[in-house]
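Chain lettering (A, B, C, D, E and F) follows the sequence in which the chains are written, and residue indices restart at 1 in each chain.
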Amino acid sequence: MQSEIEKAKILIESLPYIRKFSNQTIVIKYGGHAMRDEGLKKSFALDIILMQYVGLVPIVVHGGGPQIGRVLEKMGIKSSFHKGMRVTDSETMEVVEMVLVGKVNKDIVGLINQHGGRSVGLCGKDGGLIQAKKLSSSTEIEDMGMVGQVELINPSILETLKNKHFIPVIAPVGVGPHGETYNINADLVAGKIASATKAKKLILLTDVEGINDDKGKLIPSLSTGEAQYMVDKGLISGGMIPKVNCCIEALKEGVEKAHIIDGRIEHAILLEIFTDKGIGTEIVA
Amino acid sequence: MQSEIEKAKILIESLPYIRKFSNQTIVIKYGGHAMRDEGLKKSFALDIILMQYVGLVPIVVHGGGPQIGRVLEKMGIKSSFHKGMRVTDSETMEVVEMVLVGKVNKDIVGLINQHGGRSVGLCGKDGGLIQAKKLSSSTEIEDMGMVGQVELINPSILETLKNKHFIPVIAPVGVGPHGETYNINADLVAGKIASATKAKKLILLTDVEGINDDKGKLIPSLSTGEAQYMVDKGLISGGMIPKVNCCIEALKEGVEKAHIIDGRIEHAILLEIFTDKGIGTEIVA
Amino acid sequence: MQSEIEKAKILIESLPYIRKFSNQTIVIKYGGHAMRDEGLKKSFALDIILMQYVGLVPIVVHGGGPQIGRVLEKMGIKSSFHKGMRVTDSETMEVVEMVLVGKVNKDIVGLINQHGGRSVGLCGKDGGLIQAKKLSSSTEIEDMGMVGQVELINPSILETLKNKHFIPVIAPVGVGPHGETYNINADLVAGKIASATKAKKLILLTDVEGINDDKGKLIPSLSTGEAQYMVDKGLISGGMIPKVNCCIEALKEGVEKAHIIDGRIEHAILLEIFTDKGIGTEIVA
Amino acid sequence: MQSEIEKAKILIESLPYIRKFSNQTIVIKYGGHAMRDEGLKKSFALDIILMQYVGLVPIVVHGGGPQIGRVLEKMGIKSSFHKGMRVTDSETMEVVEMVLVGKVNKDIVGLINQHGGRSVGLCGKDGGLIQAKKLSSSTEIEDMGMVGQVELINPSILETLKNKHFIPVIAPVGVGPHGETYNINADLVAGKIASATKAKKLILLTDVEGINDDKGKLIPSLSTGEAQYMVDKGLISGGMIPKVNCCIEALKEGVEKAHIIDGRIEHAILLEIFTDKGIGTEIVA
Amino acid sequence: MQSEIEKAKILIESLPYIRKFSNQTIVIKYGGHAMRDEGLKKSFALDIILMQYVGLVPIVVHGGGPQIGRVLEKMGIKSSFHKGMRVTDSETMEVVEMVLVGKVNKDIVGLINQHGGRSVGLCGKDGGLIQAKKLSSSTEIEDMGMVGQVELINPSILETLKNKHFIPVIAPVGVGPHGETYNINADLVAGKIASATKAKKLILLTDVEGINDDKGKLIPSLSTGEAQYMVDKGLISGGMIPKVNCCIEALKEGVEKAHIIDGRIEHAILLEIFTDKGIGTEIVA
Amino acid sequence: MQSEIEKAKILIESLPYIRKFSNQTIVIKYGGHAMRDEGLKKSFALDIILMQYVGLVPIVVHGGGPQIGRVLEKMGIKSSFHKGMRVTDSETMEVVEMVLVGKVNKDIVGLINQHGGRSVGLCGKDGGLIQAKKLSSSTEIEDMGMVGQVELINPSILETLKNKHFIPVIAPVGVGPHGETYNINADLVAGKIASATKAKKLILLTDVEGINDDKGKLIPSLSTGEAQYMVDKGLISGGMIPKVNCCIEALKEGVEKAHIIDGRIEHAILLEIFTDKGIGTEIVA
């Protein structure tokens, strides 16, 4: 019996967080290991469903690099990378869209629904959700092809789904002014969705512990100023740079907190939202 | 970190229950030790608030015998008991009402609000909630005075409060056709409120473990037939008889399950609702 | 027949007032003789119910001094008075709350409902209605104990009841930041409730004719400036001072008119609201 | 002051009626002397407005014989009568429509609005309110021309106006399947409107005291059976026959009470609805 | 089949206009030849109904000079004209109201309903729609009698009808502060109704092609500045002057475009709204 | 000008159909030539958008055989056919889903949005729309793999989108009880969606003229009895059999009319819905 009472106490510990985030939007970038490991996939689905049942409003944005690679390979299409991004010609773009929207997105929708949620998959074309344009980068020589950036988020389909308690799962594919399809970095889409929906939190699931200091020790909390300083001084490097940048931008546009957390931990999202401890690195406005 | 993950898993364990009771009314009879011990009082308040935050609809009905006794004593009013019920003349009734409605009820309201809930206290006069009449008992010689029984529950004030997410706390005082005030057994009121609000569960907090068999061992589950048999055969005795009877009646009127649980256990309500184990004795239709 | 036609004409006379106050809140401080005399009690109840049926929104705030005294006496608790207010230690406070909330309030609720209304009793704890603190009075030597003043009115429960056409009846008991209970002057509570609900009128039922001039003649109408002048010059005295002060404050906070009227007259409230003549003294912004 | 209190008591006397008819539809056939005398016109307008302000739903249907006659005369159009109804050829019909809809109806609308109501005039063409056909009368030799009878009431425009608290004023002109215009007896239209709107009461304002017995004494109340008997036995005669018949029919179709009252009495409608005495003859189902 | 496909293409051509004017109010002044010719009447009714079915919000305002003249003549009432307006004494005003409201208005209502629409006729008295006063004209010697001008439009009845998809048809009769009836120029009423309802377009159906230049050639488009210049310089004359003036005023008050079109062309309204070509003269802000 | 008037008349011709189908659901199976030809694609998109703007509720279900074949070929996956259906092992199923959901579906969504509509793509997993199971066919020897049939349509996501005027575009992929993905015939899905949404019409776009009689002449209309007879007697053959069967079934489940029409004709859908002529073969209940 005593252990049962301990369980009840743990439920009660979550009460201040449930209250605080009641009816608040939380945008989660889902990807990496958490999207491949069967145990982590289940723990992710349950976290999202629990969030919604206790009154929060989760929105999922996902990536899908590895799956794209495998299909391209099978189809004998070669692709090069530039600064971590896939150079995307139109043949490649077609495969990217098919895999992200027709495979990865629907697997996540199926996963959540299979565990008892009610989710609906979207890409940037649905309801004109993600208006995009070609990634502009004055200093770039390389033409990245159909790699895009977000022009505008049209959140009306998200509001429609929210009002009827459907959980949106978004593939990072945007649509251009002439109907063209753009491949956009998922962290970036998550950040923009968070701003457009006035989200309380942006959570990026990664395959690392968080942001480390120069001694390799996890930094639990950073202000945007500190985070910017670390980027400027080269103290953050590689794939973490765009993540931190899109956190900083989301915070500037009104999101309250951004979190870079370790998706390899079971129930990482719940830990972040519902416990005193928190995990990974938070960046605050 | 591992212990944190365990906590998250415990949250997840509650998911099937949160889903099952989402938007369902749960009527809790609050009384006894749980209403006196400071620790238990806090655990009760948090349980009720959590229930509401995760989407359930709790309604509290309370008793208050000991507090009434103390005030009567101070005022030098003597009262006799008959079959466990206080013979209630009109002078006594006035004190009963003052204590239940003006003291016990508002203490509970204050307790819940102090811990972050939004509750409103009611007695049977408010919005005509509990229409009552004199307790009729053909075989009785003793005149019980203003001891009453429920004629009709008018749930409109409960619906009004539910729609705006206020938690009703109800004192077991009814109003007669000519405006007279009746003292009604709180278990009985809880049962009738449960039927009238089409509650999913009726939970009676007691100062015992539950219903025991003839060897003194707790019986975890009874059908209404079995419960009736035990009452008829005298296997249930004393103060437990009216409790079991009002459970049986509530189940007949459409409540799905009734529970007689041990209010001396911390978070007894959460344990009953949100864990696999359950506690005390359940009676099912 | 002619007398019947006269009756119809009297109904018609009320039309401009019904139209003017349609859907407007009127806060009535109920107390004194009107709360003791059986005939006046009935006339009060009918006035309130009629107001609501013809489209106004009445809110009742009541006092209860004499009833408190009687119970304190029975319980052998002595209490002293300072400047017309009862010095309220915590033992006394408990009795004050019991009597106001558990006896006086529910008697009024019962009275209104008995005559066909739908009223609900509230104290300052219900829905966090009256946030209070200890009465601060820099110049006071005497510690008044749990005598409080209004910090904030949270009108959400009043709006909830209004939308479903319940008539709120409010006991002047407030709740402090740590859950403590405060005894507050009922006129003061009525004034604050009137401001918070943007009431059109504040009506104080008293046991005098109204405010008199220095020749003892009733003054039918005063501006706030004139009323303030009379208070400052000592032309108003005794128990009338706090009443006038709380009228002035309510008018400053947006209430349109305040009335100090003679509750000993049958249907005093209707006379004030629905006839050309008006009664007592009105104070206008 | 005493006379003022008497006034308030008279207001209170109306309370049971206000409550009883709250949100109920009352259809009033307006005509005769009450439509010509300036004092009675004003008393009618005020009665209707008061009804609406205190929560009832009045619908006015009017006649207009004398005004039609005057215009026909001015235009040099002769018309004959048959059994009290004007034989209506198409030239006459055009005048009937102009006068009823363009003159009488708008005068009543203006009258009500001028006294502070919000009314909207309608004829049977507006929103397809009154679907009509040629009056069929197997035993008639005379062709009555465009005299019609009600086929169907389409109450959607009445519901639209009711929801926004406009008072409908209806001219008894119907529209045939091919768009033709019919002149219909106003009592008949009032009865059909009452059935179609599930009215609580149908009130016919006449220029007589009510229905008299064979000694010329007013009969205060009749059952439909008794009324039918009186018609069958010739105890009711002349213009009263169609009035009684349309009351009987309305009662059969669900209207609760029909009243034939004396429109020459000031505030006749209020007297009927809001006083114990009632006036004229009521016919009850 | 090919001709059928051509038809479908024509439907598709209307799509941009349907989208542009979706849920927008269009005020149409109906009069002249289009109100007399049977074929044009039908084409008008169908145009209005189609507009509504495809999501626009049409409001019709009509004139009725010729019909008034005929009835005045029959009744032997003489009337003089001053600057194109009928001098309207009170006897004449009565006829004007009867004809406009009781004949012309209901004919149009009947016409629209007969073709499958749901229209409701209104005059300025209904719901207090058109508040008017005596036409003031400092330079006038002639007393025009009951000729009025618009003081205020009270659009609440129009909004009520719009929400339930009734088509309002408005007779240009206004009501003065003392209930007096005013005869107002229909173009003027249409302009004021357009401003008050924030209409997208004001369309005046006339018996001419539009506004011509000094060589008699139709001018397809004018700015308000150009239109004002033409009026000032006398390049627009006669009955066209008040029409142009009321267009200019409506545009100043927020209407987007005003159109003076040739009502003698079948489906003139549809041509104006749903085709690329447009007809007549448009005046733009 | 005359040709413009002809255009307006053509718009007017569509009025009876717009009225008849106002707010009615129309399910369109989109496929074949109409999904490949650029001109037909545009005409399809415009037809769907126009339908919605004029008040109908279109739902699109699409196939995608040829596109699937091309991708399978590129990936070197071979697939066999049995009775016109692709034997679908799990590797093939993955490609089918990717192509239908990630390519074909989003191309259609993009097409409609590009022309000004607001559409959202769905597969059977989204919101649990299409609950499926393995196609059961007692007489079959061949195992068709992941070819499925509809168990249940859960229309809640369709209602959500309808209320906010999004056009749903559905890929015929279902989800099994254990989350497995099924490939379902698109005609069949269209028929089931039509029944579940109580559609007025089911329209199948094909690459033939319609159903022909034994002389090869188009049959414009068939009863379900006649259609069944033709199937039973072998008068309908090949790919037309399942189409006719799913029409018959939809009609039995309450759809009013089913149409097999020639998608090679421009604006085939508009022709069917908005013109007197109709095209292809209709089957009526």
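Just so it is clear, contacts are C-beta pairs under 8 Å (C-beta built on N, C-alpha and C of every residue); 3 or more make two chains touch, one makes a residue touch a chain.
Quick caveat: nothing in here was measured; it's all calculated off a predicted structure.
S.K.: Which is the least count of steps on a path of touching chains running from subunit D to subunit F?
M.R.: 2
S.K.: So subunit A and subunit F: same face meeting same face, with over half the numbers shared, or different?
M.R.: same
S.K.: Which chain's C-alpha centroid is most distant from that of subunit D?
M.R.: The most distant chain relative to subunit D turns out to be A.
S.K.: Counting contact pairs by residue number and requiring over half to coincide, which of C-D, A-F or E-F is equivalent to D-E?
M.R.: Repeated interface of D-E: A-F.
S.K.: Taking each chain's centre as the mean position of its Cα atoms, how many Å separate subunit A from subunit B?
M.R.: 46
S.K.: Give, as an integer number of Å, the spacing between the C-alpha centres of subunit C and subunit A.
M.R.: 57
S.K.: For subunit D, write out the residues touching at least two other chains, lowest number first.
M.R.: Within subunit D, no residue touches at least two other chains.
S.K.: Using the touch definition from the top, list the residues of subunit B that touch subunit A in their complex.
M.R.: Answer in residue numbers: 1, 4-5, 7-16, 18-19, 22, 43, 46-47, 49-50, 53-55, 116, 265-267, 270-271, 274-275, 277, 279.
S.K.: For the complex, give me every residue of subunit A touching subunit F.
M.R.: Answer in residue numbers: 71, 74-76, 94, 97-103, 105-106, 109-111, 113-114, 118-123, 125-128, 156-157, 160-161, 163-164, 166, 173, 175, 178-179, 181.
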